[in-house]
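Each of the next two complexes has subunit A plus one other chain: subunit B in the first, subunit C in the second.
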Partner chain A sequence: MQMEETLNTAWEEPSNDISNDERPMSIRKISKASIVMNATLLFLAIVSIYAFFTFDYKNVNLIEAFSSTFYNLKIVFLEPHLKHFSVHETIWQLIVTLGLTVLTTLIGSVIALFFGLFAAQNLSTKLASNIIKAVVAFIRAVPTVLWVLIFAVAAGLGSVAAVIGITFHTIGYLIKAFSESFEELDKGVIEALKGSGANWWQIVFQAVIPSCASYLISWTFLRFEINFTYAILMGAAAGAGGIGFDLYMAGGHYFDLREVGFITYIILAVALVLEVISTRMKVKLSGFD
Partner chain B sequence: MPLLEIKNLTKKYNADTLALSDVNLTINEGEFVSVIGPSGAGKSTLLRCINRMIEASSGYILFDGVNVSTLSKNELRNLRTKIGMIFQHYNLVDRLSVIENILHGRLGYKNTFEGIFGIYNEEEKKSAFKIIEILGLKEQVYKRCDQLSGGQKQRVGIGRALIQKPRLMLCDEPIASLDPNASKIIMDHLRNISSKMGITCLVNLHQVNVALKYSDRIIGINSSKVVFDGAPSEMTSDIVYSIYGSEAEELDIDIGGRNAS
Partner chain C sequence: MQADIFAKRRKDNLIFFSLLGLITIASIIVTEYDVVKGFTSVFKAAVWAVANFYPNAKAMAKLPDILPKLQETILMSISSTTFAAIFSIPFALFGSKVTKINNILGSVSRLIASIFRNVPIVAWAMVLLFSFGQSAMTGYLALFFTSFGFLVRAFIETMDETSTSSVEALRASGASYLQTIFQAVLPSAAPQMISWVLYTIETNIRSATLVGILTGTGIGFSFELYYKSMNYNAASLVVLVVVIVVFAVEFISNYVRRVII
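So, the complex of A and B:
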């Protein structure tokens, strides 16, 4: 009780509405947001429980279903083999997919670099920057697959539509990433070169790009990894060829799970190699060389 | 003939904030001039108006007989090559080497193509190495600038300005982020630039005692107006008080043995 007394004397005006309240004290403030949040969670929980009771299970035996799923996974990942394609052929298709990836990333990043400069508010006018950013937001809002299908109308389903479509989305993605990297640049550096009489292009190539190089490269490489995924997907979805098409044929036509497993492993291996390269690159770029 | 003449220079950022009001200054070739005053008095604005990094609202500036405020884009670029500038935060490209940063001072003399690809001729490279030697950065030539200490970075900043072969150096608080030892090195270099190379120096300073020690002339600015313009020997504690206002009491500034408080 002594503590309470000292508290009361220290603050002169004891807050009797809180300390003398009989109700249990709460350490969390109840706000409108927390009420809405809890109500939503409760609602979702009730709906989920209700759904599980009312699903149409047909005659599926849950245990049987689980065991056959694991059986299939076992076939895919533990017994991989090649039957309809040779190793040689598969590797070649892998190169085709990597080719799609390199092409889309390369073209996309070069175009994005230039538009990124004009989209950065510290290097461009407000009008140009806003226009580019609005267009780019629209390009990014439409998924890559949809862009490929849109371009397929003009170019026909195949690798051309895939390259154009993936490149298009890459440009949108990288312009945003690049321009934001440029905007983070210390404005003093630009001021210093401007003050010595350098012009815009000189400042861009001598100060802006060297300063942002590590960001630019790591963004481009991240997009490279994303484009690798899309290149596989487009092989199946848009007939662009490559390892994705083989995967689609093995799974959808030959129903050969073992072959699907083999191709999956190859793709996984490439993805791992890409990851290792990007990690090393980041260390090298950010550290002292 | 004076190198720099500033007449009725006024700068308003908006209706309420007046950065400079009716500033008149004449600076002669080879002078070492310090500009002192409290933060926000307009020192930086004054410096930046000279090479038009900030556009003045009214009044005019004559640099070597040329009216700065009416120059076209190309003429302005040309003018800026003759005015070197160094900054409190050095403003170097951290990822490039010392020599690359110093050579950036030549960009103003180059066409766009040469500038983009960083093509410098032998003469420029030679003078860059000479400047590096003068500034005592010989061992850091190929080091990246983010590996340098503050004092070394500022020396690179001076080098970048020197290679422009400027007639005027604008120094915006060159020692505000440096320790006393590095500050002394930088101020000694600036003093040498002025007395040995004959380059006019206009230096914004926070430290009154440094200004007293190094300058030929001191300009005091308080709330956008020039309140003192004279030799260091004319400086008295009353004048310091008029420049810094009530802040001066806490400054405890040493003017040749006397205390300003």
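So, the complex of A and C:
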């Protein structure tokens, strides 16, 4: 009876309210969920609109700016050329950026693998796990560019600061990912090995790492993709060199949109290849940053 | 036979790790990364940070200057994400296997999203800077473009996962395309979609800092200002408020996620 009623209302009022999710089963749970969901949507809507009244527009004529942006984007994407950099110079800078990506991902994943073991609750003590997780949460909350700039005070602007800064964020990200993979491991396996007298390192190398290997590799590659983006950004914002710096020079110093276009296409090509690879090798991962 | 397998595995591992080693050495040479300096500067930075990088009383006096910038950054992140989410929904509907109208439209919308997501945010910021100057719209639109690309991908995955069976049921009972979308696809994907939106807001607050450094807006500009004038106490205060905001957003979105999913 109740089922019929719900179905009827669903048919009669095709509403576009996406939270209108009233199944007859377990009404209470769903109604709390739908209250929170509606509240979230309402909050986001109000804040999003209110935001426009608070922005500092600096007297920019918005209509003019939009149309000139459209025109500029057409130049960027349809008339790319190189002027201040040669082709092989640009390719070399791309290789530098890829080098930064490799270094940060590798150093980061090795360190994260080690600490990830101690952060996993089933392999470590509760205290150690909580301490590492708290430190990791802090590391991830600070934007990467700020890490790079903070390290730049001690190491000077350049590849050292960039590598350490990006690696730092990578470690934070991968410890969380790795330790969650470890925690999903079947408890019985660890107990069986413990029972047969294996020590901690034997458990880790014979059971934990082999059975999580595919997760570890896909997380690491996903981070490789993210680090490629960061390597570009740090080149532009924190003087780390590579193709990001060229991009920044082309746009911010030479004011050459066509050159920005050419460099963007090169970056886009690499990023698309990386994305295709990571989609192919994807095990089910819930992404976070 | 057994010994062969182990020998082969050992050989494979050896090849894999030596290849990795070679790539690492090549990367060190290409990037001119000084390994020793890398390790020593971590400690140097830690020592320096303990001595200089903490907010003191003089820095706290800057708080009234920092908070409006922080507010701008938060509002910008939330607003750009929300509008990106709205624009993402039709593209995701066309791109999803469950709700696609035809393959061409699906591929086109996925390609558009992919371009928006993979063009680095620096390039967007550079182009926008030409027309919008140092106004808040530069950062807003740069965040909007990348969030749009990201959310289309996330929404497509969500719709593919959550709504296959309910769509089949409704199709079988003769529901129209729009009825299927509003009665089955969106309701069942909504919790997961909101979760992605919250996640994007969190990411955008961090990205906004970077965009701010590039374009001279928001909290990123505050940091750059204090950093360049070597007022490290005030700069550390900026880092601290960013961390607090990120934690707060994370806390709220974890709560919402727990309740709605």
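To be clear about the criterion, the second predicted complex is superposed on the first by the 214 of 289 C-alpha atoms of A that agree within 3 Å, B and C clash if a C-alpha of one lies under 4 Å from a C-alpha of the other, contacts with A are read in each partner's own complex, and residues count from 1 in each chain.
We take it that a residue touches a chain if its C-beta (ideal position, glycine included) is under 8 Å from a C-beta of that chain, and two chains touch if they have at least 3 such contacts.
In this text, all values refer to a predicted model and were calculated from it rather than measured experimentally.
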{"item": "Partner chain(s) touched by A:T54 [first = subunit B, second = subunit C, both, neither]", "value": "second"}
{"item": "Contact breadth on subunit A, by residue count: subunit C or subunit B", "value": "C"}
{"item": "Touched partner set for A:E89, first subunit B, second subunit C, both or neither", "value": "neither"}
{"item": "Partner chain(s) touched by A:P210 [first = subunit B, second = subunit C, both, neither]", "value": "first"}
{"item": "Subunit B versus subunit C as contact partner of A:E184, first or second or both or neither", "value": "neither"}
{"item": "Partner chain in contact with A:T69 - subunit B first, subunit C second, else both or neither", "value": "second"}
{"item": "Touching partner for A:E79 - first (subunit B), second (subunit C), both, neither", "value": "neither"}
{"item": "Set of subunit A residues, in rising order, touched by both subunit B and subunit C", "value": "288-289"}
{"item": "Residue numbers on subunit A that touch subunit C, as the complex places them", "value": "10, 14-16, 18-21, 32-33, 36-37, 40-41, 44-45, 47-52, 54-58, 60, 62, 64-66, 68-69, 72-73, 76, 95-96, 98-100, 102-103, 106, 137-138, 141-146, 149-151, 153-155, 159-161, 163-164, 229, 232-233, 236-237, 241-242, 244, 247-248, 250-252, 255, 257, 260, 263-264, 267-268, 271-272, 275, 287-289"}
{"item": "Subunit A-touching residues of subunit B, taken from the complex the two chains share", "value": "51, 53, 77-81, 83-85, 87, 89, 91-96, 104-105, 107-110, 112, 115-118, 144, 147, 157, 160-161, 164, 170"}
{"item": "Subunit B-facing residues of subunit A, complex", "value": "186, 188-189, 191-199, 201-207, 210-211, 213-214, 288-289"}
{"item": "Residues of subunit C defined as touching subunit A within the complex", "value": "20, 23-24, 26-28, 30-34, 37-38, 41-42, 44-45, 48-49, 53, 71-72, 75-76, 78-79, 81-83, 114-115, 118-123, 126-137, 140-141, 154, 178-179, 182-183, 186-188, 190-191, 194, 197-199, 202-203, 206-207, 209-210, 213-214, 217, 220, 223, 227, 232, 239, 242-243, 246-247, 250, 256, 259-260"}
